[in-house]
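One chain, chain A, links the two complexes that follow: it is found with chain B in the first and with chain C in the second.
Take a look at the complex of A and B:
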């Protein structure tokens, strides 16, 4: 045992943890949940809720597990009769004024008060003399409602705004049973990261207006994903109900976003549910597009890519997966390729007291993955080259009217791999339906070169397929070929053959928190063709 | 004899049928003056305790087509909590929640497909607001199939008695 480890026994389980760890975290490592409200791993602990009281042998009283550091040889009882009785008492006090409106509360099903009362609370109340306190619902900010009746005053929201966001607009007003969460006069809870107080709230006191009444917690299917909002690459969970994404919530990754996501990422999900999707491959026949099957469409695409040579331009979305960007690039290897990735720009919005966490200016989740694969963010240059190219491939990007006008006069063939099809691309030779990021598995590379996986959350519309599948089929040649990738993992393995930075990596290597790619400078690995021309 | 065989004693000579006929007719006429046992459905109905036959009434625990109860203002008691679609084993309840002008949660869409329903009564049992009930009702014929998807308006306007899933004096069925 090294100097820094101490051994404690929690409910009979002996465990060695780092010195200074609070008991609550040591218990978590031992697989024991200490019920708690005010404690949160990303916030300072004030020990106000008294829910995490545990029995520590040789201590005169029960100790709050969130602020008591472990000590050598300590023996802790989380589920002893004394500790349970204390928790039952705390829950009874909380329920004096907490309304039993679970049927209409958005938090029901993921409410910590509901869970703990069900586990170890009293079945009935002993306080019948007075009616429950009542205060009306307050409007805190653009997306946040405050329901004072349900509040248990854990002060997580106050501490988030004060200590993490460094914008102290919330406070605890009044005292005793009149206490409530107040908002500073003339202030609004409109900080770009304010939405996190809704996730932090252990009960249904702080609600998201956007999600209000949309779904019950038990209706939701959750898929691990990566936020498509900016180059930060926050880990999120896409919550779907009946194949529709209804909200985005943060997923803890201590190395990227801790427990938080910004409001831009939180609200940026409606495009995933668009109903006006391309559902079948379209081949231009004379002046009209006719729907066809994949075999015909792939044969046509192969004809376009095999027969010709010369200049080719790829105009790709910054939301395309590494697999799609890589295989589409490989598909055109016999051309002289200029590949550009579209990066919308916005305001940078940092979260004050978390290092290296911000809503970034570059609102394209895979900008850095694209750069590794030889794409350039210099969009206008690529658009200017497009009219003269022998082949132009548009990969799921919403083009501006000026871009569409430039493409309308293109000399070569125009191939669109897209989710939606605008009128502006009427002269496209071939339109292939591809999936968006919620409908496929894939990876994004964030600004720290951390490559992270995201998982499919909803089903694909019609005949839509991931763009890497289309490119993989063309690469493998016509007919059923065993070398064409059939899963995203196989497509990812193909990247390593061409770009050494991905060599030897598999999906298993990326793990749950992603992996930082080798330290070689960005750009040195880019293929020379096309890039060298400028 | 191994098996018992009844040997009928037949008349050995010709006898008159008159006596037997009269005997039969006496039985027939006797039934004409006895209490009737047939219920004249649909003129008489078992749910109609006054004019129907009391002892034939269907049980108060009968689980038939649904009713949605309303409050004093005539609004449905439902708060769209989502428990009935969750508990429903036949997946026959469609519910979309919304919010009214006062900020109360209420069902925007509440539909029950009575063809899919298996009449288990779980929806009534799980309802925290005592809003949805199965009814003491069995006459459900319609002229088209789509009429069997009952919307909120129809569920509210029905007037038949609601089921008492258990005897209030003996809730555990002991």
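Take a look at the complex of A and C:
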């Protein structure tokens, strides 16, 4: 390994990096951000914005840090007067035709042009006498608008569509200062991964119609999460404003989704904000349900789970956390359990030039976690067993009419742990309000057995609690019990007692980019290096 | 020769000897004039020997940069593992330059022979000649000549029975200035937008279609047969100035001069001889004011600088400019320098490929400032602004287009400041309507 390392000095910081690393990445490792626009770690580097020019000792001129590889003994100055003057020049050029309409621009607050101009641009303009270039907004695709006036021609979008999505519908049209991003004739930017161009755009030139004028960037709270859209397990950020999820954006994880997510995942967040939620535990009393407190509800649940034996059926959502699936399963250990997980199916949509990245057919983020915990995807089989079972537990799953009809004639008790309550479950003995994935901490296991944490992004409605909390309380027995888990991390630790694949793992081990289950002894591994560049 | 004028005694006529002679266009006529001797000789030599011979001749690139040709060829991999390509740059888009056009119009076989020798020397089986889109006549002449060369065995699967395969593809450009830049040319041949590429990788490592590639100018390649037939030592002896500049050079002279045209001179000939003896001096009643010696991209020389310079790579650099493509634009005392510099800047603003920020925005901004000065709305701060913009546009981009826009602006302000001053002070009638 050591022979592949070279030592470079960047702004006085000496650092050893792998041979062939571009200076811009070496600088990041030294804690120095070289301002840049066209460079992106998941795209080929064209070195066109010329923003990352740095001074390299002994080089005849400034070098683009994005395409200049480190060399042994190289001395680089990112913040020398010469380099700063060059960057100031680029910023001045970029601004002469930029409309400076930040007050109405969605990108404001997370705009790289704003950031770098604020950091090191000129205070005033010398381009006073002339009108700025103007072109009207263009409709590029189902969710994408192009605002040419703000465009700095970094070509990230063009390269994403051409080199990553392998669908080259975008191009640079015209020449000189008349240039703009063009879309091929009769084409639409409707690729299943097209939305990434909005994230890649360093300025407010490519916008999501879905997010248009919804929130200012500085009003958003961002929570590290995992996309609940399919079994790929893309790392995302759930962005909320005033406790409402307003967008999903990719969070870099070079091993799972690099810097990208698909449009299905991007748009799949409105269900997290549903208003028709169950907000209190409901106990059936004769023909109707009455709201009650948790103590009463838990006591009833304990009664149902302890007082019976025989066959039990769990019908669970594939979006339930590993913790909830595991503890609900353990709660019924006295029974002969058939546990099933519901997996909606859809079209597979790969991202052409990123290996092992696709919107998967199986639209259940925790299918593989459920399987490790003994759940089967043989849904219909479990539904057929339900009418004869002593106890049926429905864990936050949207049932079809046929499923509901089957449950209507159930012999045993029906317990629903749910977020919303359908008419078809009127005969449920007990209805307990649980949180959705945006309202709790938890983990999902993706198709590569990578277990990844997601973090709570908004508060839960009413009295809703995570399903693992409900099961944990029952497992610990009646009355206040110190052995009941009070956090998701504690609930997770309980899984290892029953399923060795989780044994010894803690939330700390998982970090922000997860870990592949069963790959190496826990503790022997350094923290995951999969974290992306920013 | 100073086609269309008769040859002047101070010229050294080598490449231009048969300009204007229609018979030299045909294969038979060309062979009668000693054509294809160089190629036959080359095919009997090893690749290395040819490269060494060209190195020894001191031949340098005639397209603008003046890089030693033999050295460039030696950068190609010795073993031919992947396909090697030769690209002949016949885009000749540099304003003021029109020499390659005449070579292709009158002596197409000289170019074909030079290409074939070079292709053999670098291990290439295919040569692309990228011809400027506007060159309809050279295109027709070249097409016919390639056809004839193929029929006569000078090209094809078995060149002159040597077993060597050389294929020639004529590629027609679509009129973009930037496609004359070698890496943009490669993109253009590949069917992509003609944007310059970042170097490294250099073309000899990964060029056309990612394969080892050498790119030479028309005039450079046309000179190669002479180096082989008459020897490196003879070619090297063609030198009147700095020994690093050898051979003959075609000069395209245009502008305010009595006899504009293409002249061929030995390297190191005084520019004075070209301007006065060969070209007959300024129009009647006029005096020279300025000379752009190497196509529009190089700094402007005052006539005093030009008259004291020797015409070779080093001689022109010594006087503050560059030999470039030797497209000599001559301006007399009637010339409005500010207007001319604006006209040049406008050309570069029009032709910028839009990749690099400094070039895309800088060329346009520079043009606008000059436009404003010409409209009588200039300010004292404009000097500093123009010089600042030029500095930001120099040495910071992928190719040198933006440097080329800055060069005449900087040299213009340095050398002809009173003319700018006249517009800014309002002592001269505005040349353009207000912007």
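The rule is short, and it goes like this: the second predicted complex is superposed on the first by the 517 of 534 C-alpha atoms of A that agree within 3 Å, B and C clash if a C-alpha of one lies under 4 Å from a C-alpha of the other, contacts with A are read in each partner's own complex, and residues count from 1 in each chain.
Simple rule for what comes next: a residue touches a chain if its C-beta (ideal position, glycine included) is under 8 Å from a C-beta of that chain, and two chains touch if they have at least 3 such contacts.
Fair warning: this is a prediction, and the values are worked out from it, not measured in the lab.
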>> I want to verify the contact counts: of chain B and chain C, which reaches more residues of chain A?
In response: C
> Taking the superposition as given, does A:47 touch the first partner, chain B, the second, chain C, both, or neither?
Replying inline: second
> Now for A:288: first (chain B), second (chain C), both, or neither, which partner does it touch?
Replying inline: neither
> In the superposed arrangement, does A:270 touch chain B (first), chain C (second), both or neither?
Replying inline: neither
>> Going by the contact rule set out at the top, does A:128 touch chain B (first), chain C (second), both, or neither?
In response: neither
> Is A:58 touching the first partner chain B, the second partner chain C, both, or neither of them?
Replying inline: neither
>> Looking at A:103 after the superposition, I want to know if it touches chain B, chain C, both of them or none. Which is it: first, second, both, neither?
In response: first
> Inside the complex, what are the residues of chain B that reach chain A?
Replying inline: 79-83, 86, 97-99, 103-105, 128-129
> Where on chain A does chain B make contact in their complex?
Replying inline: 102-104, 108, 137, 212-214, 216, 218-219
> In their complex, what parts of chain A are in touch with chain C?
Replying inline: 46-51, 53, 61-62, 64, 67, 86, 89-90, 92-94, 96-97, 126-127, 129-130, 152-153, 171-172, 174-179
>> Per the contact definition, I'd like the list of chain C residues that touch chain A in the complex.
In response: 176, 193, 198, 349-358, 360-365, 368, 372, 377, 381, 385, 388, 391-392, 395-398, 435
